[in-house]
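Okay, so subunit A shows up in both of these, paired with subunit B first and subunit C after.
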Partner chain A sequence: MEYKITTKDNQAQVVFRGDITFSENVSFRQLLKDISEQSVTRCEFDLSGVDMVDSAGLGMFLIAREQADTAGWKLAVTGAQGHVASMLKLTKLSDLLDG
Partner chain B sequence: MTEKTGKQAGTNSELTQSVLGASILVVDDMALMRQMIGMCLSGGGYENILFACDGDEALTMIEADMPDILILDLNMPRVSGYEVARTLRADARYDRLPILVQSASETPEERVEVFAAGATDFVSKPINQPELLARVHMHLQNRFLIDSLTDFRERMQSELVMARDMQQSLLPEMPSVREIERASGFKLESFYRASFELGGDLWGSWLLPGDYIGLFVLDIAGHGVGAALNTFRVHATMARFRRARLDPARFLTELNKVLVPSFPLGQFATMFYVVLNYKTGEMTYAGAGAPRPMVIGNQGVRLLDSSGIPVGISKKPDYVNITDRLMPDESLFCYSDVLIEAPQPNGEMLGEGGLISWVEEQAKKPDRKNLVSRLLRRFFDAQPSSLPDDLTAVAIHPNKERK
Partner chain C sequence: MDDKMAVVGDMNTPELTDGLTDGLADGLATSRTEVLATALGRWLEMHHVMGRGFNTLDHEVDLVAKLVSTSTDELSALFHKLVQNAQDQSTGMEEIVRAASLVELGKETLTLPEIISYLEEVFNEGIMNVLQLAQTAMSLVYALDDVVIDVKEVVRHIGEIEQINKQTNLLALNAKIEATRAGDAGRGFGVVADEVRQLSQNINTLANTLRSRVNAVHSGISEGHEQLQSIASLDMSGNLKAKDRIENMMKAMVLQNADFQEKLATSAERSNELQSDMSSVIMRFQFQDKTQQQLDGVRMTMSVLKDLVNDLAQETYVDTDLQPIEDDSDIMEAWVDRVIKRCSLGEMRQRFVQGMLLKPDHTEFGVSTTIEAVDEDEAIEMFVETEKPDETSKPGASNAVADDFDDDDIELF
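And then the complex of A and B:
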């Protein structure tokens, strides 16, 4: 997994590439720390470059969602396609992650 | 040697105690040298110092009781220091014994030969006492750190093996599978393989009153100790809802209610639970995000809708029962996600579509009752032996055509 954060007018966009799996646990937490250090009101996770997400990866999105609620910013998960979109649909998490 | 490393293996004071309590064998044919090195070591706080006058005596002493470090002279009568080092290095028992060679000769060639013979380090004569103490201390500290890390690793490995065995014991045992098969007339074909690390897969099946069997598969997100411990939690929790077992959506709802507050954030279980009437083939099932089970018949494969919020996330998961019917020629096949997500030799994952085509191919062959084992043979032919996650695959096959 690779990611790139860009911030503009209190809005952050994180563009992910590669697979988001259990082994990305540590870097994902670092990412959340990076976001929380910037005072953002909204953050978009762009998954259009992600080929695969496993159940642990979905768990990390849930953690991000929780952190957004606690810190008072909005999380939007966008661009999921292929396997990633199927996973979000199968687990009915797209609504939960996008609000 | 940094303090940080020392702390990982044990506390620094423990390490210093081990180092000073270490047994040191000093080998030198000159009594004066033995005395000088002995005094230097005593002065440094070492108490357990032994002496040998030549290589032969050293090897005999080491064979009887291995020291923690050897301080070895090179030029000795009978058996030289080189021979001692070579003899020790040829014996796996002494792999980790540090050999500190002391010698008056300083030629580069000799140094190379000393290391080639198996020495760990080198001090020059005349001996600089603080340097000797520093080197002895460093090698002992290394030795104890490696010992302690090796012990720790071995212990962790045996603990993991034990944990894997315990986890495996949560799965249905042969006698109960046979009983379900006898009563239902179906054949249960199952496969489970734990990942190299611990994982969080579980499946189970039970006979229910009124010609029903229940079957569930579940997979706890992530892997490692946390996921494995949670399988025990889920397994124990499930035992509390015996009365809900005939109603899949209610069963998932009850389980979810208990697990939402107890699962840590980001952890959850994807699950599928089906109740099958083994006389009529009628099925009621509910899904919580497990991979879509396949119904495999002579006409091909159809998928069941197992979508649903995984167990342990939401206070209002709204699980629903869906009804279907297993026709007399049809099998039901459930599996965990590693089967479609593990990378194939071409680097791509198989995916649901890929698995369906494998299944369709296998379903055309006779003897459907071995379908899972044939599928997995194909899967493992292209996989390294250690999987990134647990693999579970369970199928219910009709044993004979129902009337």
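And then the complex of A and C:
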């Protein structure tokens, strides 16, 4: 998994590439750390470049949301398509992650 | 009798008038009387025939009335049955639809929407649990990662201990050497140096123990890490797709059920329509009452006419010396033949002939030959008819009505 963060006016956008699965947990944690170092009010995860998400990936999204709640910023997930989109929809996570 | 036969044979209606004229032309009072007597005799004959005729017709009308009555009763019963069947079907269908939309579970009865929402709930709970599990697992992974960092620090510190220990050992060694050089004065110092070296050894052993313990912790953590991976790396897409499909199936069932209800409502409507059509049909059967009334009217009228003619005939017999006509097969046959030649009578023919020719005590005037004779023109050639003969339908009609003939209608003298 690769990611790129861009910030503008206290809003951050993270563009992902690759799979978000268990094996990527270290990178994901690093990302969360990077975000926490910038003071943002809103952060958008762009998943259009993501092909596959497993339950670990979903768990990590939930951890990100928890962190957002604690730190006081909003998390939004966009651009999901195909497999990723159906996973988010069927678990009703898409409702949860629409900040 | 013979006279009358001869007279009957010689005369018909047009010639009768001529006969009268001839009689008057003769100017003889007696021949005029004779002519009138003859004519009157024929009228009286006619009265008798008409009496029998009225009876026969009355019977025919009665048959018609009975036929209509029986037929309408049968039709009515059939219609009732038809409507009942349709309603039973409708009720049956209703029960099927109702049963199809419910599920009996022990003592409970569940509707489709209830089942769907229960399934939905169960699925969602399951999914929530899995997600919860995944989040917890990942949190645990991260926590373990932090532990590993601390563990690494500990290992580093152990390394530092070992370093310091090395230095300590060297220092002790140097101290020992200095103590030996100092001789007796350094003896006590030498003992201390030995003690310090011993301590350093102990510390070294301890450090090694610590190191292996920490390594054990580290590998324990690695194993935990692996277990967490297997917990957290589920691909749920198969399960989720199944859930989605099941939910769609249930929704389709609900739609189908709604469709059934609609069709049921239509069926109920049709049932009502049928019911009101039925009422219309029953109403139309009232024609039977009207028919009955009209036929009764006809019979009544015929009865009155018959009585009038009969009364006149009685008076005539009283006023004149003329003899009442007895049932005589040849005369009656001739009259019957005249009627039949003018109209075929159809199915009624046999009943008519029998009705006209039966004696009051129901014996027949050789009825079989009479009936056959009616068919053949040459058998009864007493009258010369100007009208064309009708096509003769076989008198062997299906109705054997001899028994039906009411003898109270045969009013002779």
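We take it that the second predicted complex is superposed on the first by the 99 of 99 C-alpha atoms of A that agree within 3 Å, B and C clash if a C-alpha of one lies under 4 Å from a C-alpha of the other, contacts with A are read in each partner's own complex, and residues count from 1 in each chain.
In the analysis below, contacts are C-beta pairs under 8 Å (C-beta built on N, C-alpha and C of every residue); 3 or more make two chains touch, one makes a residue touch a chain.
Just so we're clear, the structure is a prediction, and the values are computed from it rather than from any experiment.
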item: Side-by-side fit of subunit B and subunit C on subunit A, or clash; value: clash
item: First, second, both or neither for A:T41, with subunit B first and subunit C second; value: neither
item: Partner chain in contact with A:T91 - subunit B first, subunit C second, else both or neither; value: both
item: First (subunit B), second (subunit C), both or neither touched by A:S27; value: neither
item: Doubly contacted subunit A residues - partners subunit C and subunit B; value: 21-22, 25, 54-56, 58-60, 62-63, 66, 83, 86, 90-93
item: Interfacial residue positions of subunit A with respect to subunit C in the complex; value: 21-22, 25-26, 29, 54-56, 58-60, 62-63, 66, 83, 86-87, 90-93
item: Residue numbers on subunit A that touch subunit B, as the complex places them; value: 21-22, 25, 52, 54-56, 58-60, 62-63, 66, 83, 86, 89-93, 96
item: For the subunit C and subunit A complex, residues of the former touching the latter; value: 124, 127, 130-131, 133-139, 141-142, 145, 229, 232-237, 240-241, 243-244
item: Touching residues (chain side subunit B, partner subunit A) in the complex; value: 219, 221-223, 265-268, 270, 289, 291-292, 306-310, 313-314, 337, 341, 349, 351-352, 388-389
